[in-house]
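I'd like to ask you about the structure that follows.
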Amino acid sequence: MSLLTVNDLKVHYPIRGGFFRKVVDHVRAVDGISFELQPGETYGLVGESGCGKTTSGRALIGLNKATSGEMLFEGKDLAKLSRAERRNYTKDIQMIFQDPYSSLNGRKNVLNIIAEPLRNFERLSPKEELLRVQELVARVGLSPESIYKYPHQFSGGQRQRIGIARALALNPKLIIADEPVSALDVSVQAQVLNFMQEIQEEFNLTYLFISHDLGIIQHMCDRIGIMYRGRFVEEGTASDIYNNPQHVYTKRLIAAIPEMNPEKRFEKMHLRQSINQEYQTEYNNYFDKDGRMFDLKRVSDTHSVAML
Amino acid sequence: MKNPVLEIKDLRTSFNIKGDYYAAVDGVSITVHENEVVAIVGESGCGKSALALSVMGLHDRKATKLEGQVNFAGQNLLTLTRSRLDKVRGKDIGMIFQDPMTALNPLAIIGRQIEEPMDYHMKLSASEKKKRTLELLRRVGIKNEQRVYEQYPHELSGGMRQRVVIAIALACDPVLLLADEPTTALDVTIQAQIMDLMKELQNQMKTGIILITHDLGVVAEMADRVVVMYAGEVVEIADVKDLFENPLHPYTRSLLNSIPSNMEGKEKLHVIDGIVPSIQNLDRKGCRFAPRIAWIPEEDHEEIPEMHEAAPNHFVRCSCYKTFYFPEDRVGEKEYVATNS
Amino acid sequence: MLKFILRRALLMIPQLILLSLIIFMLSKAMPGDAVTGAFMSNPNVSPEQVEKIREKLGLNDPWYEQYGRWIGKAVQGDFGQSYVHKQPVTSLLAGRIENTVLLSLFTAIVIYLLAIPLGIVAGRWTDTWADKMIVTYNYFAFATPLFIFALLMLFLFSFILGWFPIGGSGNIRIDPGSWEYIVDRAKHLFLPVMSGALIGTYGTIQYLRNDIIDQKIKDYVKTARSKGVPEGKVYTRHILRNSLLPIAAFLGYEITGLISGSIFIESIYSYPGLGQLFLQSIAQRDFTVVTALVMVSGAAVIIGTLLSDIILSIVDPRIRIE
């Protein structure tokens, strides 16, 4: 059974206009996406800014309200749960944010930051709590005395580790990681990514990995969904997507990854140009007359594409 | 041999922090030739942005001390008065900034912002300026240039704004362009478009370009020569092909190994021990990268690390590159192998 | 644009109704009424007679009937009779509104004439002696209570030096329209305007200085410098345009703020404006006048806000109105 099943999820925001500020239209931030997460896998949600990937992640954790659709977590629809019921599930779903500077409360020390979810869900004596926090801090590779320090005393990579420790505190099953390394330097990025892979094995975590960086997605993810304007254009395994992209938008995204071989740079440039041409000449195969993506169609057991 | 456009000689840029000066750029020498793209690459805190600001004279004059020379067209830019410098900036040297969302004046129309450098550097009538501006807009790939001319920055997308920023830099036909992370704030597909546009323009205009970036992918796509910086110093200079085929300095090699797209599947990425020291805490004696490769014995480093020409036109600092290896008991032991070799 | 103004103007109606209701309620909640003030202290009027007068004036009717009567007339410009001055409130206000508007307008002009150049100097040349002096002046302006400062000015320039008249708004014996009349009015205005303005610069200077310091390090300013724009032009063409914009937009608030804040100045200089009338009327429990005044200044604030919104939408291209 899959851990999480998302069915036709929509998140719309009203646009108001006219004299009486009536709702004239909607921003379709997320416009009908469906996917499944299997326990233990890493699922990548990729797309450019404004494609709805972050909104989707936030809807899953309840930070954005879903307009319609189902989000079945272990069979229970998160969207239909009351606030109180939902609380039980928030334990199992945790989030790691992009900016380790602003997602940690600067006035709390590490002990209080990491203990916060514990205090919300578990009744521990101060001693037990301290032990748990020390354990977590050691697990993310920070020194024991760092629990009395404040976020500004850490580097970006260390701060992201604190964010991860906080997410791990309640032994979650699913972690939604929203651009977890985008604000970090390459070498620090590597640290955090390696570490995320290690704890995945150790705690049997499932990741929903949201990113705009196709290199990182390729490195981290088993299966990938490509988002564009609130919808999926393609879904498949990493090798489906990278070795056999079908949708012109996916092709465009992959061709946009900088070429690491200096000698092939003009080749790459021409590839991009020919894809742009394809985009124009075969537009009707990929978008309907309103410029909307088609529904996903299966092209193999693992691979689906939004094509005519 | 091509003519040098810009010669940076032993540049030292120091910032005043609580009364003391600390060098963020610590004795850097770089030469840029005509029609050459020199990439300066490094992680945050390596001094690459401070270097760009020093060349353009955009540093905070009260809290910065500049030493060395930045020779351009027969004069040292560092010693020019503000008004003399203003005759060079925008005319012979154009600058492209990182974030197109903030680099334009929100209250002026696009057309005027592109015309502004012409106001000071070219004797043109209003209609000539407009004509030139429309042409520039077309050249940076904006198709509805008449309309964009009248628009305000907030009415344009990020990619369009970056094209405008490039048009401004090109307004007076500069011989040198300084691009400070020109694609970092952009989406992937837009980044590719802007890179291709810059390559194309460079081919046409034959300007020298200093490209400052943290992204080795952008370097591989754009640069002719690469300068790798670490902790305020140049640690390696090589032609782009040599650098990617045969990286020498331990820092360059480590960096290449930590990029996810260089690794197949779920291989572990290389992690560099420790953190980049802040400019106040930096130990300026000896090899600055030594603390981060502690398994290399001390005697393999030079006491005063110099730049060595390890191969023709391939320079590397300190002797530690000769014996450097990735230890096997550490994650990320698999060395990055150039894809073309 | 027109649609936006219309929409905003229509939105003012419920605001004004709410304002009038609150004012009416408050005036009813105050101890005593017009009759109390006018007759209770008069030993010749018996309590029975007072009650009769109340009945006649409708003061014993339920509140909503009284409110209906009051608001019905108010929209026609009739705020009733002043019990103290024995004349219609409207005509009582008419002369004074002009005085107060004149005072506020000139105060605003002087504030901007002082604050904008000072703010610019302080913001552009931070940490120079000029900046330090301006900042010091600003601290004084902030810390000095208006009524003490106004009294000091009055004492120094009118009592001791005798340069300016001690009170009033003008000499009624001088023929309006003549040059002499204008000079006389100006003399009467000078001290009240200066007392208000010298202290009122605080907000504008502080805001402008801080904003220029913020703008100076923005990227678009770097872009301007990298174009070779001379430093002076960097300020006039780029930084100041951005920094002055909110100040222009604040004009509406500033003027209405001055109008409703003229109480101290007018009382100290016995300047016959709305503020002075307001204090007097409270003391004499002339409630028809008080409610009318609160209503007028409340309306002024609402209109000022509208004015500011409109100015902002005109000067800032980022605010799009459809």
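Each chain gets a letter, A, B and C, in the order it is written, and its residues are counted from 1.
Just so we're on the same page, a residue touches a chain if its C-beta (ideal position, glycine included) is under 8 Å from a C-beta of that chain, and two chains touch if they have at least 3 such contacts.
These figures come from a predicted structure and were not determined experimentally.
Ranked by separation of Cα centres from chain B, the top chain is C. Contact count check for B-C and A-B (C-beta pairs in contact): higher for A-B. Distance between chain centres (mean CA atoms), chain A to chain C: 54 Å.
Chain B and chain C have Cα centroids lying 55 Å from one another.
In whole angstrom, the spacing between the mean C-alpha positions of chain A and chain B is 31.
Listed in rising order, the residues of chain A touching chain B in the complex are 48-49, 155, 157, 185-191, 193-194, 197, 212-216, 218-220, 238, 252-253, 255-265, 268-269, 272-273.
If you check the complex, the residues on chain C that touch chain B are 217-220, 222-231, 237-238, 241-242, 245, 316-318. Per the touch definition, chain B reaches chain A in the complex via residues 43-44, 187-193, 195-196, 199, 214-218, 220-223, 240-241, 244, 254-255, 258-263, 265-266, 268-272, 275-276, 331-332, 338-340. Residues 56-58, 60, 82-83, 85-91, 93-95, 97, 99, 102-108, 113, 116-117, 120-121, 152, 154, 165, 168-169, 171 of chain B are the ones touching chain C in the complex.
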